[in-house]
Amino acid sequence: MMLAKVVGHVVATQKCDELRGSNLLLISKLDDDLQPIKDHTWAAIDNVGAGMHDIVLVEEYLALNKDRYKAMSVIAIVEQVFRDR
Amino acid sequence: MMLAKVVGHVVATQKCDELRGSNLLLISKLDDDLQPIKDHTWAAIDNVGAGMHDIVLVEEYLALNKDRYKAMSVIAIVEQVFRDR
Amino acid sequence: MMLAKVVGHVVATQKCDELRGSNLLLISKLDDDLQPIKDHTWAAIDNVGAGMHDIVLVEEYLALNKDRYKAMSVIAIVEQVFRDR
Amino acid sequence: MMLAKVVGHVVATQKCDELRGSNLLLISKLDDDLQPIKDHTWAAIDNVGAGMHDIVLVEEYLALNKDRYKAMSVIAIVEQVFRDR
Amino acid sequence: MMLAKVVGHVVATQKCDELRGSNLLLISKLDDDLQPIKDHTWAAIDNVGAGMHDIVLVEEYLALNKDRYKAMSVIAIVEQVFRDR
């Protein structure tokens, strides 16, 4: 799962059915100092009520619990990262 | 989901059945200033009626609603990107 | 789907059952000037009768129509690429 | 499967159901000298009881044996790596 | 499918059930001169009886023919690579 930070959000009115009702966050992958990596940004469906600047885990996940469709999603809010150097 | 821009389209007569009837767009991944990244270009099936220069979300999606086949597809047209720096 | 060029082929006698009878092409990803990118080369199953130097679309696809196995495959031959700069 | 080293762990209270009860490790991809590559770090579900500094194999795996959901997971602890140069 | 070379193997006693009985090879992706690319090395399940220094094709494949689990696997031994420059 990608360790990422919520850096914004995206507004999209015209979209496929599986995305309707979803909150679309903008997330940036974090480097080993937990800073966003430039130009490593994606849109992800929020599944956990994540807020701006939260550190999150991002992975493919079932959109709206529909079995046949998966999309990049925020699946956990990270409280602490323990890293040995 | 990849944040990308529609930069062109592709014509392909000879193709697998799952692609028949699909509109094939050329999309380039965007950097954090929403500019296309050089040489980060793919072809994607249009699912939402996207037009030239639209900012879009791109993800694997079921081609022509066939359960057994997924391909890179445009699944949303982005109206606004809010990003905190 | 990756925009690629057929640059050769591969001979493999010893292979898993799902690949038997398949034509294995060597394909290189194209840059924005439609030139092959060095060291971005893969092997792909031919599904559309592609020939040497053809520009093609490459994506995961069902090998030999077996539901349980997917592999990188050539799924379309590209006749024209329209790109706005 | 990615050859990686366990370099820490992640605490996440708010998460999707499929992750509940999982131990979330921080893993870094290894280079050819078996040293962690900077900024190539992900979170992965522990399936084998891996400990800090273990060399492990990481791959998509079924979270909590649920058929419908896969996430990046530690699936083996590596005891020895034999490499010919 | 990735064109790769077998450069070693991995010993792992503690592993998930799907990997039991599998031979775990160390493979490095090849560049366009068929030389291993530094730090582009993975572990892969052997499905075809590949040996040290063999050039092989690597792709996600069903581990031990179990429908629900796929892992990076060696699925063909390459005898010849024909490449036009």
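Labels A, B, C, D and E are assigned to the chains in the order they are written; within every chain, residues are numbered from 1.
The rule is short, and it goes like this: a contact is a pair of C-beta atoms (placed from the backbone, for glycine too) under 8 Å apart; a residue touches a chain by one contact, two chains touch by 3 or more.
Worth saying up front: this structure is predicted, and the values here are computed from it rather than measured.
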Cα-superposition angle relating the copies chain D and chain C, to nearest 5° | 145
How many Å are there between the centre of chain D and the centre of chain E, using C-alpha atoms for each centre?
-> 19
When the centre of a chain is set as the mean of its C-alpha atoms, what distance in Å lies between chain A and chain E?
-> 31
Out of chain D, which residues touch more than one other chain, so two or more?
-> none
Looking only at which chains touch which, which shape fits best: line, ring, star, complete or other?
-> ring
Ring membership in sequence, chain C leading and chain E after it, reads C, E, D, A, B
Residues of chain C defined as touching chain E within the complex = 7-16, 18-19, 24, 26, 28, 38-39, 41-44, 52-53, 68-72
How about chain E: which of its residues touch chain C in the complex?
-> 1-3, 31-32, 37, 47-49, 57, 59-62, 67, 75-84
